[in-house]
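The two complexes that follow have subunit A in common; it is paired with subunit B in the first and with subunit C in the second.
The block that comes next holds the complex of A and B.
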């Protein structure tokens, strides 16, 4: 008990030094915590955006389609997949079938490469944000054979608007050249370049008729009830459907560049903050070391009165604990408090490069996300740094003898 | 992915066969060989002699999971012009092809437009078959573009047959590295043709069957094209009827005719 009192008073004997040390820890750790929560939140938004704009959480294909797509690798529209997915509710939230291929879209003498996607409009609008991306006209009605929704940039390039006819030419299921006329029902802007510049959405039936693929689809897009459920759901579905030659691909494999972008961003964040915390670690080392070096006579006196080296080290350690502990508490309060605030009230960048955000398909308002791993690791890191900073001073203090102390003037 | 350069077979089904049969100019081994190869060549040349023809054909595309058959008419003049129209099945009916001046156009009835087949599409499959657009478009000058020699005498399908090897001349605009052509000795009817790439690999084989007399000529009426790498698929051509040396109006081989309202 007396050790506590001693430690506490020793710290406040150097008010400024202690305060600054605490301030340094608070600054470094709270910024790290808040920063990680913000980054995490923006990543989650980015992923959710991409997943809910086009890819879904999982995609089911004929085995081999993901690596080498082709119309001949199809899934039959029998009840097999339906039953498998129904059986996995509620982890499976929704799904829709698609056929996708590339072709040529022309109007008059102008032609552009087109990405043709046949969707089930009434099913997909439950989990893909097609409807919200419409800038003109209307969403596709199910069973609409002649209608199409067109990407805003493609519409501009072809010079078409609502009600205009586009000629689409591609290779059908049999490898023969096939053409079709489609009328623009709606124009959309998704901020995904591929979709905006070449996307042409048809109803699934329209696509099947065009390509000669009645009763066949290329992909079943599945949305899970939450991001965490995706992994386990994928494993279960893959096991169940493997013998039917159906592959279950998670969004990470469909968008590996997104996964890597997030990882890269995380790495940058970790490195930057680690450097910051290390510098603060040095500052703490300085505080501890000074605290030892200037008290050599004091420690020597303690030793001569019978205190063991362990006692001396214990005192120093306790001082460090009280000092740093206070810093930890304040840092977490401030950092997590700010993060919590931002999880409800987002950082709003609209008005400041809003178009840039939209270009990347991101909301300019960023919500923070608090997760135990984002809290735990920075704290752990600081603890390790502090402990390391304590090593030398403690060792030095342990080596103080009464004789050495007596020899000093100070 | 190896991009196989395909020997350009000339237009129209019958000319496809014609293109595969050419006048050999022999690098003889012996006088007997020379005369034999020369006779084979001469016969092959006369087999397809005729300035024009009109025919009806059935093409069957056989794949592991489906088979499709198409019936078509074609009008042909020499090697440089042809017009082809698909009659059956309903999905393809009305699709037409025009070749002239080394270029090809296709009329797609469902969009009411003509699509010119660009060079980038020349190696794509023609109508989903094992033939390519290029096979139909290329005008071969076989007697001028190849060196020939008699390779072997053997029995093929129970018939006494001779094999002639064809190697393109140096500047010949021909894509196969080597072709081996088998005819039957009794009447020099073609039996088999094998196409080799520059690595010496057999890439595809054409088999000639059902030799019949049509419009006064003895010709193979069924041709099977089999890719070597995919033995579970092939394309079969059947000559249902053919008329040689017919008069075809010039306008048949025009874009206006291709795009006419039907």
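The block that comes next holds the complex of A and C.
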């Protein structure tokens, strides 16, 4: 208890120094905490947008489709896959089958290349939420053979509106040229710029008929009940379906660029924050070291009165703890408070780079995300820096002998 | 005054460890800032270079409205004479006409949507770097009317190699679906797989023939000597075209792709924010150490004042000490950054582990740092100013000491 009192009073002896040190820790740590929450939020948003725009958590194909897609690599639309997926509920939240291929969409004298996707409207609505993405018109009805939904940019480029007819041309299952007329039922805008520029959605039945693929699909898209369940679910499904020559691909492998971009951004974030916290660390080291150097006589006196070196080190550590502990509390309050504010009121980058965000299919309004990792790692890093900053001063203080102290004039 | 310079310099070294720690803090901060700055500039340079060299060129001439709605019918009549006259404009290094159309390319069993670009091979090689990107087979030559140059990623997807046959399908001027058999003459690979996946080149004449649009172009690309000349040269071309061809617009690469300009601004904003944060962190350290220094010397300053030193001289002495502190820290940090940055400039920072993410941004995996002379000077000078500014308050405080009280300070 006496140690605690001593430590508290010592910090008060140098009010300015203590206040500055606390302020620096608060500054560095709160910025890092807030920054981590913002970056993490933006990454989560980016991944969620991509997964929920189109990709889903997992995709099932015939083995080899992922590396080299083609209509010939199909899955039979039978009960086996269905049973495997239904048997995995509730880990499997939703799923739906698709056929995807490229074609040409033309209207009047303009034609554009199109990404043709046949979807199961009812199933897919549950996890892709197409209805929310519709800017005009209506969603596809399940049995709709003639209808199509079209990406907003493709619609603009083709100059089509609701009720207009689009000519679709592509290679069918047998490799011969197939053409069809489809009526625009709805226009959509998603977070996938690629899909807005070229997407043309048909019902699965319509697509199967068009391509001569009755009873066949190219992909089954699966949504897990949560992001963390994706890994285990994949393993279980892969094991169950391995004999059927079916591959189970997680979103990370479908969008490796995205995973890498997030990783690279994280590395930049860690490195820049490390520079900041190191600069702060040197300052803290100075405060600690001065706290020892100007009290050599005092420590010498303590030692000659019978205090062990450990007790001296303990006093120093306690002083440091009181000082930085206060800094930690305030920094976490400010940093996480700001992050919490931004988790409700997003940080808006649209003034700064609207085109950039649009180009990469991102929402310029970034919501912060507070997670154990965004709290833990910045705090851990600062703890490490402070402990390192404490080592030399503590070692120096422990080595002070009464004789040395007495020899010092001051 | 000379003696105050000497006193300040000596004062700096009186408490060796304290000064060295602060110098290390300044050096680490500045080092981090400069390296980050260099790499950030490297990213920008690479993005701009790739965009200009492959796709945009420095200046583009299009029909009004083409950029918003890039359809065939937004082409313009322009023969050899037109391209030559543009090439002859003062400041223009070379010019090349292009016709660009979305088509469907079919191999034996697969089809893919492609942006097919008709080029005049010789002109093109003087404006863009496409010719140098060819990794298999050969670049096009004027007589290769039945050959196609494919992006590497596209060739992989279609499952074709050199000499294989492809059918190109497109809608012509009269909305008739036309197709043409071509052979793969070459394969190119740029730094951006996403671009390679959707791009192919043919000789201009054969695309014009296929689409029944003889003598028409969708754009003329212009190359100038240096990036900075893009604007004046654009103005010159505008002037000459204004009267004769009012339907055309002339734009620099920044105007063609506002997303690039925004990216540059964003990268730069992040650099400024980082500078601000690190300078503030350094400032905490400098205030701390200078405050300790003047408090330690309260008695001494009191004596100096008592023997006739003016407050202004005390202020100058403390500011000078901080100036020296900054100079030493900046020399250490600047020199080490100079060495590392020089290495990163010639060798480059190899990020090939994240090549997917880099391709996502359209750049190669090796980023070469770049800091211009002016940027060096601005960084070093601003760091010094930040250090001196942080010492103003401690200096002012020490200059206001009252001699009688200060002398009695224990």
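Everything that follows uses one rule, which is that the second predicted complex is superposed on the first by the 377 of 410 C-alpha atoms of A that agree within 3 Å, B and C clash if a C-alpha of one lies under 4 Å from a C-alpha of the other, contacts with A are read in each partner's own complex, and residues count from 1 in each chain.
Going forward, contacts are C-beta pairs under 8 Å (C-beta built on N, C-alpha and C of every residue); 3 or more make two chains touch, one makes a residue touch a chain.
It should be emphasised that the depicted structure is a prediction, and the values quoted were computed from it without experimental measurement.
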item: Superposed partners subunit B and subunit C on subunit A - clash or fit; value: clash
item: Partner chain in contact with A:77 - subunit B first, subunit C second, else both or neither; value: neither
item: Touching partner for A:379 - first (subunit B), second (subunit C), both, neither; value: neither
item: Subunit B versus subunit C as contact partner of A:157, first or second or both or neither; value: second
item: First, second, both or neither for A:212, with subunit B first and subunit C second; value: first
item: In the superposition, subunit B vs subunit C on subunit A residues touched; value: C
item: Subunit B versus subunit C as contact partner of A:176, first or second or both or neither; value: first
item: Partner chain in contact with A:352 - subunit B first, subunit C second, else both or neither; value: second
item: First (subunit B), second (subunit C), both or neither touched by A:283; value: second
item: 59-67, 77-85 or 113-121: stretch of subunit B that collides with subunit C; value: 113-121
item: Shared subunit A surface residues [contacts with subunit B and with subunit C]; value: 72, 169, 171, 175, 177
item: Subunit B to subunit A touching residues, read off their complex; value: 61, 65-66, 68, 91-92, 95, 106, 108, 110-111, 113, 115, 124-125, 127-129
item: Complex interface listing, subunit C residues touching subunit A; value: 15, 17-18, 21-22, 24-25, 28-29, 32-33, 36, 69-73, 102-104, 106, 108-115, 157, 159, 169-171, 173-175, 177, 258-259, 262-263, 265-266, 269, 274, 277-278, 280-282, 284-285, 287-289, 291-292, 295-296, 351, 353-361
item: Residue ranges of subunit A touching subunit C (in the complex, touch as defined); value: 16-17, 20-21, 23-24, 27-28, 31, 68-70, 72, 101-104, 106, 108-115, 156-157, 169-171, 175, 177, 198, 256-261, 263-264, 271-272, 275-276, 278-283, 285-287, 289-290, 293-294, 352-356, 358-360
item: Complex contacts: residues of subunit A adjacent to subunit B; value: 72, 167, 169, 171-172, 174-181, 212
